[in-house]
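Note that the chains are named A, B and C in the order they appear, and that numbering of residues resets to 1 at the start of each chain.
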Amino acid sequence: MNVDGIREMLQNGKSVEELVHSIFDKIEHSKLNAFVTLAKESALEEARRVDKHGAKGMLGGIPIGIKDSISTKGIQTTCCSKILEGYVPPYDAHVIERLKAEGAIIIGKTNMDEFAMGTSTETSRFGPARNPWDLSRVPGGSSGGSAAAVAGGEVPLALGSDTGGSVRCPASFCGVVGLKPTYGLVSRYGLIAYANSLEQIGPFAGNVKDVALLLDVISGYDSRDSTSMTKKCEYLKELKDDVSDVKIGVPKEFFGEGIDEKVEKAVWGGIKALEDMGASYTEISLPHTKYSLAVYYIIAMSEASSNLARFDGLRYGLRLGKDKDWHTTFSEIKAQGFGEEVKRRILLGTYALSAGYYGKYYLKALKVRTLIKRDFEFALKDTNVLITPTMPFPAFKIGEKIGEPLALYLADVNTVPINLAGVPSVSVPCGFAGKLPIGMQIIGRHFDEATILRTAYVFERNGGG
Amino acid sequence: MITKKTVDHLGWLARIKLTEEEKEKFPDQLNSILDYFEKLDEVEADVSPTHHVLGLTNVFRDDVAGQSISQEDALGNAPRKERGYFKGPRII
Amino acid sequence: MKEVIIGLEVHVQLNKLRSKLFCSCSTQYHDSEPDTHTCPVCLGLPGALPVTNGKAVDNAIKVALALNCNIEEWTMFYRKNYYYPDLVKGFQISQYDYPIATNGSISLDMEGGERIIRIKRVHMEEDPGKLVHVGTIDKSRYSLIDYNRSGMALLEVVTEPDLRTPKEARLFLNKLKNILEYLDVFDSSLEGSLRVDANISLAGGARAEIKNISSYKGVEKALLFEIVRQNNLVRRGVKVVQETRHFDEVRGITISLRTKEGEEDYRYFPEPDLVPITIADRVDDIKKTLPELPDAKRQRFVLQYGISDNHAKVLISELGLANFFETVATEVDANLSATWVADILKGELNYRDLDISAFSPNHMVQILQVLKKDTITENGAVQVIRTILDEGGTPSEIVKIKSKDLLKMDVDASENITLRVIEENPGAFQDFCKGKNEAMHFLMGQVMKETHGTVNRSTVIELLNKSKKEKLQNAPDNHREA
């Protein structure tokens, strides 16, 4: 299911209402648990409106799934946490306003790890989402529902959010395309924060073209996000079948210990294929990569510990029986409302920011982040893309890693450095390990989404993946 | 080094009432993660901290009053309310 | 009595701004229903983001300049993490390292001379919402919260522990308010515009922090209470403990707010949703827009108008009053203006709890002009002022209607009444002739009473002296006796 295919169906006489009905039918019979809240009424109403007045806008009549971390007016938004049970936002995120303005039809909210803290979509309060390629396996995370919904043919497009790999990881595990934009390219207004200084909303689709189209819709300056910046081009227009100017850097640190052999082989195969298509490559080094995970988790947990303080049950969200004094009331709401992984990260973040430890952890992490960012800027002077495996291994079994928090954190080894550097990165399918898809990560210069998308596009068109 | 007592204090700071079981389990888990963070001690980072990854500064809004949301919308998600106010627990 | 050491943390709302600090909700919520001036940002809804009001930063720089502070090269916002039901995000966007300004001062004019109160730092932060307790804070079963105030721009001015008496603390606050109003960044008349945390200790003892005192008088009252309380403890040999206390305005006492769970740890870290602010390049432009400040105005008034420093001090205490005076002084004699504005009009306004805006400077000019022409008496002029304040009208109308009472009596009538008073009070007149001042005041009082104040004091004094002279000439024996 892709955008062109849907447009063709609609042109051949199928109504948007029929399409949307069939989508809901499919979701309701699906085993993927990709959607956690459906917006049936508003989606059908919008579908009928498009049928009546014709499809307008860049995404007229095109269905889309939205990660449950993105604020949707009138549609329950919970970050798949019990603490936000029943919260129906009175406002739309910037990206939702953009989607609506371009005629997209919001199908519902997709499953995710609670507050985007995870690599497997197993910590959702709605239960784990499943990988369409093997239902016993995870779809990756934290935007697992979005990736699974696209891979499972439930929607052609979906939005996720990527703090340390949460778009690219599930894209890789589910064999779809997922992009983490340059920090600041897409407004975060309305994205429920996990780690503000790292995250971006990113598009998922079955192919590169649709990802570029969706990026065109959601990107650009928004005055309500102080970290938002102006975009430089329209991405779909920049896609052309030419990589002769593409100079690939292959950072050796991303092919290190713990990388599955099949994954390594597949990605090298991808690089060689691109070379055959006209690109060139050199092996390079990003020396501070080994510190990325520590830096990432310190920053993310610290910011999260503060971001998640607001869920006190006064203005929205979970409230327990009878109120006690306010300390006890708040403490019991959080005890009941947050899952174990969320509590773990809040406690660690609280520790990292507490008196006497700020310098050792948070401030030090911000400084090492500067070094990591410089590595990328330096490497991307002589190259214009970097290519690595997205994930060190293909999708694992549900329940396989959930008992060992640290082991699960280490799975983000190749994705977190990109968020630290703020650069864009896209994961494209590049072969299989058995039945399971493998993802190749293409990283670019700040705001040069055009080049990484074009590289992915050429790779996809010429038999990659 | 995080002890049971540290976990207890962190729970207080974060206003999360932890169960006995959590207080027993968390110290080891958190310590293994902190051990991993020790890696950073080996880096000499004589550089400025990254505040905004692209070095953005001075982002301002004009002092213009805009539309607020309605009282109904403001209170729409409040589990408890009274006479246009949010209703909260007692203070002392 | 041990020496008292006081430091203040003053939170003033930058309430002349049109919109809040990080969102565009209007600041004009004071007469509104609760929770009608909020949005996703100031309600702390998940996903909402702050964007800094540029004018708030400019106003903060203005204040910092006026308080003689060092303005930092750049500044940034931090998150101060703590919980309270009025705080929507579980943290307050405030400043920590790199506040907007440090090391300033305010000079106080005390009886014993000038006192310099050092200012440690000035920083910006957002205001929490407002808690309404049902009953008193310690008895209430639940709280009600109005978030209209949430996100208002606050400026926190922190002093060094340089204040020594509750009165000094009050004078400091008055001076600060005065400066802020001159800068046109602050309206002190609005409810909740100022809140003070006061740290107070007796020399050598632990310090109590009294939180959230919301009136100027309250600060003095709370501090006076604390001094008595701490002294009583010391006298009884009980150690004063370091703690946070709440001031109960109604009962005029402070109450311990001890929490058993231990110290808070604010876990400050840079607000990742905002970017750093470079201020050095803004300062020069803002400096050019700074108005004349109270101390400078006071000096100028003395120099330019030749009025007394005491009058100047009263006149500059409110910007409106100072401007009023200048308008009047350009039309009529400056010293006469100073006396009438600073002593008489100000007194009448205070008595009625009115602002200087309740009186027109043109009316004052007209009154003083008539007074100078000697058509009405001083008392008559006071009557005109009172009538305008109480009943309205213009000076010329009032003079016309009440002419009988106000217009100056002719000299003959004055003389008759004065002579009658002398005749009726021979003892007092004799004392007056012996040079007793009190006797003169008594006789003057009697004449004024009889004439309802419609004679000139100088006329009466002239008449009294004339009679005295006559009496002395007629009775040389008495003179000798004296």
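Throughout what follows, a contact is a pair of C-beta atoms (placed from the backbone, for glycine too) under 8 Å apart; a residue touches a chain by one contact, two chains touch by 3 or more.
Small disclaimer: the values here were computed from a predicted structure and weren't measured.
*Asks:* Weigh A-C against A-B on C-beta contact pairs and write down the one with more.
*Replies:* A-B
*Asks:* By CA centroids, point me to the most central chain in this structure.
*Replies:* B
*Asks:* Report, in whole Å, the distance between the mean C-alpha point of chain B and the mean C-alpha point of chain C.
*Replies:* From the centre of chain B to the centre of chain C is 40 Å.
*Asks:* Return the distance between the CA-based centres of chain A and chain C, expressed in whole Å.
*Replies:* 57
*Asks:* In whole angstrom, what separates the CA-based centres of chain A and chain B?
*Replies:* Centre separation, chain A to chain B: 22 Å.
*Asks:* If you look at chain B, which of its residues touch at least two other chains?
*Replies:* Counting only residues that touch two or more other chains, chain B contributes 12-13, 15, 51-52, 56, 59, 61, 69, 74, 86, 88-92.
*Asks:* Hunt down the residues of chain C that sit against at least two other chains at once, touch-wise.
*Replies:* Counting only residues that touch two or more other chains, chain C contributes 40, 43, 51-52, 81, 83, 85, 142-143, 145, 147, 261, 265, 267, 272, 274-275.
*Asks:* Multi-chain contacts only, two chains or more: what residues does chain A have there?
*Replies:* 87, 90-91, 197, 223, 226-227, 305, 309, 312, 314-316, 323, 326-327, 330, 350, 354, in rising order.
*Asks:* Of all residues in chain C, which touch chain B in the complex?
*Replies:* That would be residues 17-19, 24-28, 33-40, 43, 51-57, 74, 76, 81, 83, 85, 131-133, 137-138, 140-147, 257, 261-262, 264-265, 267, 270, 272, 274-278 of chain C.
*Asks:* Contact residues on chain A for chain B in the complex?
*Replies:* 86-88, 90-91, 182-184, 197, 223, 226-227, 229, 288, 290-291, 293-295, 297-298, 305, 309, 312-319, 323-332, 334-335, 338, 340, 343-344, 346-348, 350-351, 354, 361, 363-371, 373-374, 405-406, 409, 420-422, 446
*Asks:* So in the complex, the part of chain B that touches chain C is made up of which residues?
*Replies:* 9, 12-13, 15, 51-52, 56-71, 74-75, 82-92
*Asks:* Taking the complex as given, what residues does chain B use to touch chain A?
*Replies:* Going through chain B, the ones touching chain A are 2, 6-7, 10-19, 22, 26, 29-30, 32-34, 36-37, 39-40, 43, 45, 47-54, 56, 59, 61, 69, 73-74, 76-80, 86, 88-92.
*Asks:* Which residues, counting only chain A, touch chain C once they are in their complex?
*Replies:* By the definition above, chain A touches chain C via 70-71, 77, 79, 84, 87, 89-91, 93, 188-193, 195-197, 223-227, 302-303, 305-306, 308-312, 314-316, 323, 326-327, 330, 350, 353-355, 358, 362.
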